[in-house]
Structure formats: C-alpha cells, structure tokens
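Given below, in the form of structure tokens, are the structures.
In what comes next, subunit A is part of two complexes: it sits with subunit B in the first one and with subunit C in the second one.
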Partner chain A sequence: MSENVLEIKNLVVHYETPDGVSEAVNDVSFSIKAGETLGLVGETGAGKTTIALTIMGLLPKPAGQVIEGEVLLDGKNIVETSRNKFKQRRNDKMMRKLRGNDIGMIFQDPMSALNPVMPVGDQIAEVVKLHNKVSKAEASKRAVEMMELVGIPGERYSNYPHEFSGGMKQRIVIAMALACNPRVLIADEPTTALDVTIQAQVLELMNGLKSKFKTALLMITHDLGVVAEICDKCAVIYAGQLVEYGTVEHIFNNAKHPYTMALFEALPSLDKDVDRLKSISGLMSDPMDLPSYCTFFDRCDAKSERCNELDPPLTEVEPGHFVRCARFMKDKQKAAVSEGAGQGEVVL
Partner chain B sequence: MAKLYTPAMAALDRKKIKQKGRVKKSSPGREAWKRLRRNKLAIAGMIILIVLILTAIFADVIAPYGIDQQMLRNRLQKPSFTSGHLMGTDDFGRDVFSRVVYGARISLPIGLICVFLAFALGGTLGAIAAFYGGRIDNVIMRFMDIFQSIPPMLMAIAIAASLGNGVLNLVLAISISTMPARSRIVRASILTVKRNDYIESARAIGASSRRQLLKYMLPNAIGPILTSFTFSVATAILTVSSLSYIGLGISPPTPEWGCMLSASKELIRTAPYTLLFPGLMIMITVLALNLFGDGLRDALDPRLK
Partner chain C sequence: MSEILQINNLKKYFPVAGGTLHAVDDVSFTMNYGETLGVVGESGCGKSTLGKTILRLTNPTAGQIIFEGEDITFIDNKQFTALRPKMQMIFQDPLSSLNPRMSVSQQIAEPLRIYKVYQNKEDMEKRVLELMDTVGLARRYADTYPHELDGGRRQRIGVARALALNPKLIVCDEPVSALDVLIQAQILNLLQDLQKEHGLSYMFITHDLSVVKHISDNICVMYLGQIIEQCETKELFENTLHPYAKALLSAIPVPSLKHRREKILLKGELASPINPKNACRFAPRCLYAKEDCFESTPELVDVGGNHMVACHYVKEINGL
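For the complex of A and B:
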C-alpha cells in the first residue's frame, strides 16, 4: 500500500464571531493516497468548504481558527493551531509556497474564478512562474501545454475569460490547478455551476488527469452521482462531523448511518417507481449551538430513547467502514461513553 | 446560368479578405475604447485635450512673441488679426496670445502632477487600508477623516501660505489637501473587487499580497480610479488658478492662466480681453477634461455592457 499523501487527523475548526463560536468542523479524520479520490459529501453548512480552506490555509482570518488536529501533507503538518501571530505568519509564508504548487484548488464557480482582465494563458503561466524559476517563455509554453491537455486549443492563449463558455472556463481553472503537478487537488463542488453534459466532460477530464499525474483528489460535492462516478472513498459529513466513512462500495451498497440512508432515499431512482421523493425533515443543528448528544438526533428515523443522552464515536462496522451511530457501538464503547457522560447504565 | 457578380459583391469580397488578415481581439481595454469611441462628446473632449497638450509641447513654435517680451508702444491693443496680436496686448505691451499658449505649459503639467502625487500618496494608503482591513484600515481612514474635516481649499491656502510661493510648494499644497478624497476613491474601488472569487483563486495559487493587490485587484478596480483621475485634474487646474489668483501660487511674470487673471484684474473695465482669454482657456481645459471623464466613466462602467 502506498503512503498517504494527505492525512487529516482529529481536525477541529471554529469560527469565532462576535455572536459566539461556530463549531464548523469537529474531530474530522481521513486520508487520501496518491491517485486516489475521496468524496466529501454533505449538505450546505456541514463544514465541507471549511475543511478545504483549512487544508489550503485560506481560512478567513481572524474568525477562522484551527483549534486542534493536524493536516499532514506527505507526513508533514501544515496547519498552525497556535494563536501566536508570529507562528501564524510563519505558517502563512510556508503555505504560500505550497498553494498552487503542492496543493491545487478548483473552485465552485468558474465564471468568477478567473481574473477578467488577464488573458487566460497568462493566468496559467502565472502559477508556473510563481513556483518555478522559469523564464516567461518557458512558463507560457507550459501554459499552452496545459491548455491543450484540458482540450483547449493553444491559440486561445491570449483570449480573455469573457470569451469562453462556462465549461471551457472550468477547464482552464483545472489547467491552472494542475499546472505545477500538485500532490493534492481539492475540488470544491467543481460541477455545481455547470450543466449536466458539461459536468460529465469535466468529471471525465479530472479523472483522467488525476490518474495521469498521480494526484490525490479531494472531491467536495453534494451530488452522490459525482461520488459514484469518480471517487474511491467517500466521507459523509454532517454538522462538522464524519458520520460515515468508507469505500464507495461500503457507502453505496451498505450504508449504515441513518443520514446516509436518508440521502439515498432522497435520490430519484431509475429502477423504482416512486411518486414522491423522500426528504429529510427538519434542519441541521446550528453549529453555534451543537447538542451534547448525537447531532442527527432531531431528524433521525431510527432513533431510540437513549440517543439523546450519548454522543456516539466512529465505530468500525466492517474493515475500513466507519459509522457514527449509537446502533453500531460496541459494548466496550458504550460503557466508555456512558461513563464519560456520567450516567450509570445505558441499555440499547 | 451565368453567375452574377456585381461591384457591390466585389467590394464585399475585398472587405472579407481584409478582415481575414486582421486578428480579432477583444480585451476589456479594447471593449472600453470601443464604447468610448461611440461617445461623441467624450471624443470632442479628448480632441480638445490633445490640441491643448500639443499646444503646450510646441509652445515656442506657435507663440509669435516671448512671454515677457514688452512692446511698450503697443500697450493694450485690442485683439485683431491684422495687428499680429490675436488676443491683444496687456498693460506691459506683452502679447496675450503668446502668454496664453505658454500658459498651457504650466497649468497642464501642474494639474497632472498634483493629481498624480495625490493618487500616489492617498491611493497607496487607501489600497493598503482596503486590502488589510481591520485595525490598519481604521487607523488610516481615521487619519484621513481628520485631514478631510478641513476644507481642502482652506488647507491648500494654509499650506501654500506657510511654505511660501513657488511651483513645488503649490503642488505640495494641492496634493496634500486632496489626498484624503483620492484615498477614499481607491479604497472604495478596491473594496468592491476584493471579495471576488478570482482574488480567492489568486490566493489559492500562492500569489503574494503585493501581487494580489497590483495584478488582480487594481486592474479590476481601475475604472472609477481613472475616471476620478480626469475629474481631479480639472479640479486641480482650477485650484492652481484660484491660488494664483489670490497671490498664493505662481507669481506674476509667469504666464500661468490664473496668475494672468490676477495680474490684469484692474483692467477689467478698460481692457476686458486681457482677462477673457486666460479665463476662457481655464474653462475650455476644465470642460474638456470633464467631458472626457464623463465618457470614460460610461465606457468603463461594466453595468452598461
């Protein structure tokens, strides 16, 4: 087995606003190997983008703060949990070298992710120039190569973003993100702003390039179809916590967590004839005011009366498949949790 | 059937061939120029400005007499084509036309330099304030508030009076007194583009703060800044003239327009033409700058696109 390129360990990120602390990410861990794709699935506000920004070191300052945990890039920690200004600045400086070079990012909306007053070729060349000691001509040559690679003729080097369609712009954004052969590519809902036919093209392109460059890909999406298409592993995130984590087969064929199951029930299916799609009632818990028990309790169909008393840990239900639900807790864990909560007996 | 080939069709073909050779390009700058070109008033303003600039450059070719060449026998001549004094002569027998022409060499550059300095100082501070935000923004902008609480004209008079006469002091006085307003314009324009996704993506490729500011924010925010630049030049020229008129700017023998007005104000009843032409020049320059500025604003405003 190859080494993990990106590993996230017990990441906790808070936004400290004047109105209170928003617990955006609570104890998230996952890892991606070279050439592997992890799909990060969850609804709006679940903390997906916060995780991406943390990896990039682009959390909005001063509100965003990594409380604890590590983000390991090739085994080296790249987040700073200290509030010390000098340490943070030093980390910032280091991150600036990594961004674009070791970690690339594809943004959600290609329409606005390109500088409208700079020719697209120059924008790709800019990344190359920022991270390599190359001449202008070499950088431009590389930019043309990248453009051809994503299927845009090199003659369009000096065209401006407004002269391209949405799908083409997203290709250029992809070319920018991959121009320096990054170890990790983060795609934050790369297909959300595109129509379905273009989505398929862009996904296929990303998949091909990923295997070609041996890049670890973190795919953030709320589209389970995208996950099925190109991901190897899948992490379902809810209210800043991983609720289910495993291979795509685990998640799609053997979903265990009530939230994951509810997500699949909310998908239209070709095989079954359903008049109404099921929706998940209620809203996600407010990250400013998370309950001390299971965060999904209020919306769960499978809850028992004890669920609002314990906060279940991630439990391995089969090799490589983790679920955060009281129903799958092992006896030992039950005892530990109940002791921690200071309650005598927990019977499920 | 024989193919019909009319001269009109031939002309069309020629046009097609011509266009093929030209590479069709469209950059934001080119688009703005296209829009500007459609605005007749703006183009009129631009042409007047170009004429004025040419006048300033070729002043010694155009002007028939020197600036302080006195012809005491020909004092206070009325404007006429035949006498060789197109705009008459003043009380020292100096040719007004020559002095007005040389005046362009003083008013235009001073106006430009004043605004340039004001933007260099205020603009840099405004851009820094907008970029970093928070405490830095607060400190810089409160400092500007203090500056701005003094009327700019009054401040310019105070600075000019304390530094004494002279072109350099005048320029300093005007630049410093208009700096807060310029810093606000730059700050506001940077703030409008700061939250855009492409700034985030510039950060995501590892661009430094300076690069983000100069290569990504400034070019996108340049519209309002350029527009206000042209308007500011007009105001600066007016201020220079006003200060010269009250005797705080450029002193008399120099043919600055405001200064000429001031020097011949006693003649307003006997020889009004000595005031008319310098005054007209100020007016024309300011009008041309304002017309051009208006057109520029419309051309650069993407909402009209």
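For the complex of A and C:
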C-alpha cells in the first residue's frame, strides 16, 4: 500500500469568541492515501467544514486557532499551533504556495466560489499562472484542456459564470481545483446545491478524475447516499469528535455507534416501506459548552449508568474500524479512564 | 364528494425578455380529502410555481382551480380572503419565511389576529400555547425570537402558523430540504401525525424522491412545467414507465452498499422553458427519442390502472 498523502493527527481547533470558546474540533485523526476517498459525514455544526478550512489554512483569523495536533501533507506538518505572529505569518506564506497547487478545494456553492466579472477560462488560467512559471498563452491552453476534461467545450472560455447552469459552474470549479494536479482535493458538499440527475453526472466525473489523477479526496457531505456512491473510507463526526471511523463496508454494513445507527434509521428508504421514521430527540451538544462525558449521552438510547462519567476513547472493534462508545471500550481502557489517566492511546 | 382539489389545464406563464416563460404548462390533477400528493422534479421544473398558483399567491394565466367544488381560479382577493384559512402553505426556508422581529408566540398568533378569530387576548394566548403543544414546541420558547432557535424548531413554528386557522389543504414547499436527517425525520413524523389527527390534505413539493416515497399516496413527476408521469406511489417505484422518471429514480444515491442499481446517466441539462416548441420537452436528453418526439407534445394518457404517462413511445420502451 502506498503512503498516506494526507494525515490528520489529534487535531483540536477552537474558535475564540466574545461569548467564550467554541470547541469546534476535538481530537480528530484520520488519513487518506493517494487515489483514496474519505467521506466525512455529520450534521450541521459538527465541525466538518472547520476541518476542511484547517487543512487549507483558511480558518477565520483571529477567532480560529489550532490548539493541538498536526496536519501532515506527505509527512510534512502544515499547521501552526503557536500564536506567535511571526510563526503564523511564515505559515500563511507557505500555505499560499500550497493552496491551489498541492491542495485543491471544491466549495458547496459554485456561484459564490466564482468571480462573476471574470471569464471562467481566465479564472482557471489564473491558478495555473500563479503556481507555475508559464506564459499567459500556455496557461490559457492548460485552462482549455481542463475545461474539456470536465466536459465543457473550450469555446466557452470567455463566457462569464452567469452564462452557465449550476452543474456546469460546479464543473468549472472542479476544473479550477484540479488545474495544478493537486495531491489532495477537498470537496465541501460539492453536490448539495445540484439536482439529482446533475449530481449523478458530477459524481461520475469526480470518480473518473480521481482515479485518473490519483488524487486523495476528502469528501465532506451530509448525504450517506453520496458516501456509498464514491467513498472508500468513512468518518462520522459528532460535536467535533469522530464517533465512528472505518471503511464504507464497516460503516454501512456493520455500524456500531448509536449515532451512526440513528442516522441510517432516520433516512426514508427507497427499498423498504416504513410507516414512521425513527428519530432521536434533542439536539447536538453546544460546542461552547461540551460535557466532560460522552457528547452523545443525552440523545443515546443505548446508554448505561456509567456513560455520564466516562469520556470514551476511539476503540478498534475490528481491524480498521474504530468506535467511540463506552460499550466497546476494552477493559484496559476502562481502567485507564476511571483512574483519570486521560484518554486511551489509539493509533490510527 | 371526495375531491378537495381539482386542477384543470392550469397554465402559468411569465413574460420575460425574449418571450414567455412557461413555468406551469397545462397541468391537470385531482386530490382527495386526507390524501398526500407528492410533486417531484428538478429545480426549475415549475413545482413551486404550481403550489403558489394553486394558493393564488400568483395569479394563473389560464385553466381552472376547483377547491371544494368552488371555482377559485379568477375570484378577486376579497372573496379569496374568506377561503385562505382553508388553504395554507409551509415554506422551505423557515428563517426567511418568519419575521425576525416577532417572537414565536406573536408569529403563531398573527393569522389568528388577522382573521379576528378571538375576541379577547386570553383565548388567543391559550390557543397559541395549544398550537405550540401540537407541533412539539416547548412553551418556554413562546417569547424567544426565530434567530435563537435551530432549524427544526423554526420549521415547527412554520407548521404551527399553517395550522392556526384549521386548514383543510396545506401546500408544503420543500419543508425538510434545509434540515439535517435526524430533524427531517422528526418533522416528517410530525406532519404525518397531524394529518391523521386533523384529516389534512397535503400537497408535498420536493426534489427528494425518498422523502416523497415515504410520505405520499400519489405522485406527480414534473419536467419543464408539465406532468410527465402520475400514479400511486407504490406503482411509480415498482413500475416506472417514463424515461425521465426512470433516470431520476436511478440517479438517487442510495445509502447502502448492497442494492447497487444500474444508473441511467442523462446527458445535458434542463432545456429553457422560454417559448418551448411543440415537442416532447424531454426529447433532447432522452435515450429513446425518435423524430416525431421533436414534432409533437405527447399527451398525458392512462396506460392502465390510473397510471398516467406522457410519452409517445411508452409502450415500445416498456414492452407493454
């Protein structure tokens, strides 16, 4: 197996606001290899987009701060945990070179990701010119190539974004993200704003391009259907923590965490007929005020009396399948947690 | 009489630069009391315009809307005011459909106040609290404002407002699209419970086929302003006949690794609804399109068992 292209280790990100500290991401670790796709699933406010912004180095400053952890791109750390201004500025400078070149990003809403007063071809060429020593003509040639690769005729180079439909705009954003052959592509809800038939086209395109360019793809979505369609691995995030992590087979055929199971049961199915959907009451814990115990405790229907004392660590239940739930904790971890020795060490 | 709503050849055209936009073009259907009719289609197919036209939030261009045996197509606003309590709407985005400067109880009381249902304040307050209980909003939220609540609770305010005047028909325009799956399940369950308790009829507009399958009795599939397939929910999912409906069904990402279905990938995108030609509107994207598909618009015909399809070659394609 090849090396991990992107590796996130024990990432902790906080937003410091006038009302207090919002613990957006708490101890998240995962990794993606070349040509592999990881689906990051969770509800609104779970911390999915914060993870993407951290990898891109685009956390809103000064509120967003990486407290701990590493983001390794080909083994090299690219986040700065220090608050030192000079160190941060140096990191920003480095990130500016990486963004668009080594890490590409596809945003949810293609209309707001494109410049409305610039022809789309020039927008793609701009990325190429910024990162490579090429002439204007060469950059334009590359832009036309990229447009044709995503299924847009090159003659439309000088059209403006408003002249394209939603699906085509998203194709242009994909062309822009892939123009410099990035090794990591982050797609933040790339198909949420699109219709199903167009979504199917775009997913097909991304699948093809991913295997062609051997890009590591981080797919952020709330649609489990999209995950089943395109991903190899899946991470379920809840209140800033990974609650379940494994291959798609692990998550779809053998989900263990009560939250993951609730997600599947709440979906209306096309194959089965149910009179009533199952849903769990309550809301996700407020990231400003996270409990010291399991964050899912209040909504869990499988909880036991010890669950509001323990903060369970991620536990490997089968090779490559991790669950954060007290029911699956090993005895050794239980002892460690109740002694107050902190979280059990888990290496992903 | 079991029909609550009958729509005959309804048309809604908008004049735009370069012609007329045919948003709803010759749509006919009937709805019975206590029934849920799902309207599915991609964005721009005219499903929201259809809902708004039926509630007379925009005026129809031509056709007939018969609500409880009364023709309401062209009655004036004054006459319609008396009918409005019977027909209500739940909107997609609960934040933009609520007044940010009104508290929850004021929002819910607004329709009661406008229609002067109660003579004194106490009765009205009592009714507002009752409505909050009905939709599962805790009474402690009565004095909060929409921005303090999450999406699911905001949508419950929208439902409470729609229920306030005891309507018979509610048009739900994508009521769960902006919500997370767990909240979506809560709201769908709430809508189903209310339907049973109050005998409501829903027209449920959505682009999500799995939601529509869950909640509807009958389904209309729309494409560029026209209904192209219409039948019972079960029939549609077991025996899809129109090539567009087939592609739409196959394109839904299924959250399961076991039931991989064959995908029909459509080429291209929705054509322009401005000045459409007399042709099958789906023909440019259709896998089976032949010459005469570009020459005449297919009629919506019954192919047996109340299954209506608008396609010239439905028999050949499906081997009927």
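Things to note:
Note that the second predicted complex is superposed on the first by the 340 of 348 C-alpha atoms of A that agree within 3 Å, B and C clash if a C-alpha of one lies under 4 Å from a C-alpha of the other, contacts with A are read in each partner's own complex, and residues count from 1 in each chain.
Everything that follows uses one rule, which is that a contact is a pair of C-beta atoms (placed from the backbone, for glycine too) under 8 Å apart; a residue touches a chain by one contact, two chains touch by 3 or more.
Because the structure is predicted, anything quoted here is derived from the model rather than measured.
Clash-free side-by-side placement of subunit B and subunit C is the outcome of superposition onto subunit A.
Within the superposed three-chain model, A:195 lies in touch with subunit C and out of touch with subunit B [touch as defined at top]. By the document's definition of touching, of the two partners only subunit B reaches A:130; subunit C does not.
Comparing subunit B with subunit C, the partner in contact with more residues of subunit A is C. By the touch criterion defined above, A:113 reaches subunit B but does not reach subunit C.
In the superposition on chain A, contact of A:286 is made with neither subunit B nor subunit C. Look at A:264: by the touch rule set out above, it reaches subunit C but stays clear of subunit B. In the superposition on chain A, contact of A:165 is made with subunit C only, not with subunit B. In the superposed model, A:228 makes contact with subunit C only, not with subunit B. With chain A used as the common frame, subunit B approaches subunit C to a shortest CA-CA distance of 11 Å. The interface of subunit A with subunit B does not overlap its interface with subunit C at any residue.
Note for the complex: subunit C touches subunit A at residues 42-43, 150-152, 180-186, 188-189, 192, 207, 209-211, 213-215, 237, 247-259, 263, 265-266, 269-270.
Of all residues in subunit B, those touching subunit A in their complex are 25-29, 134, 196-198, 200-208, 211, 215-216, 219-220.
Those residues of subunit A lying in contact with subunit C across their complex are 43-44, 165-168, 195-201, 203-204, 222-229, 248-249, 252-253, 262-264, 266-271, 274, 276-281, 283. Residue ranges of subunit A in contact with subunit B, taken from their complex: 56, 58, 62, 96-101, 104-105, 107, 109, 112-119, 126-127, 130-131, 158, 160, 162-163, 173, 176.
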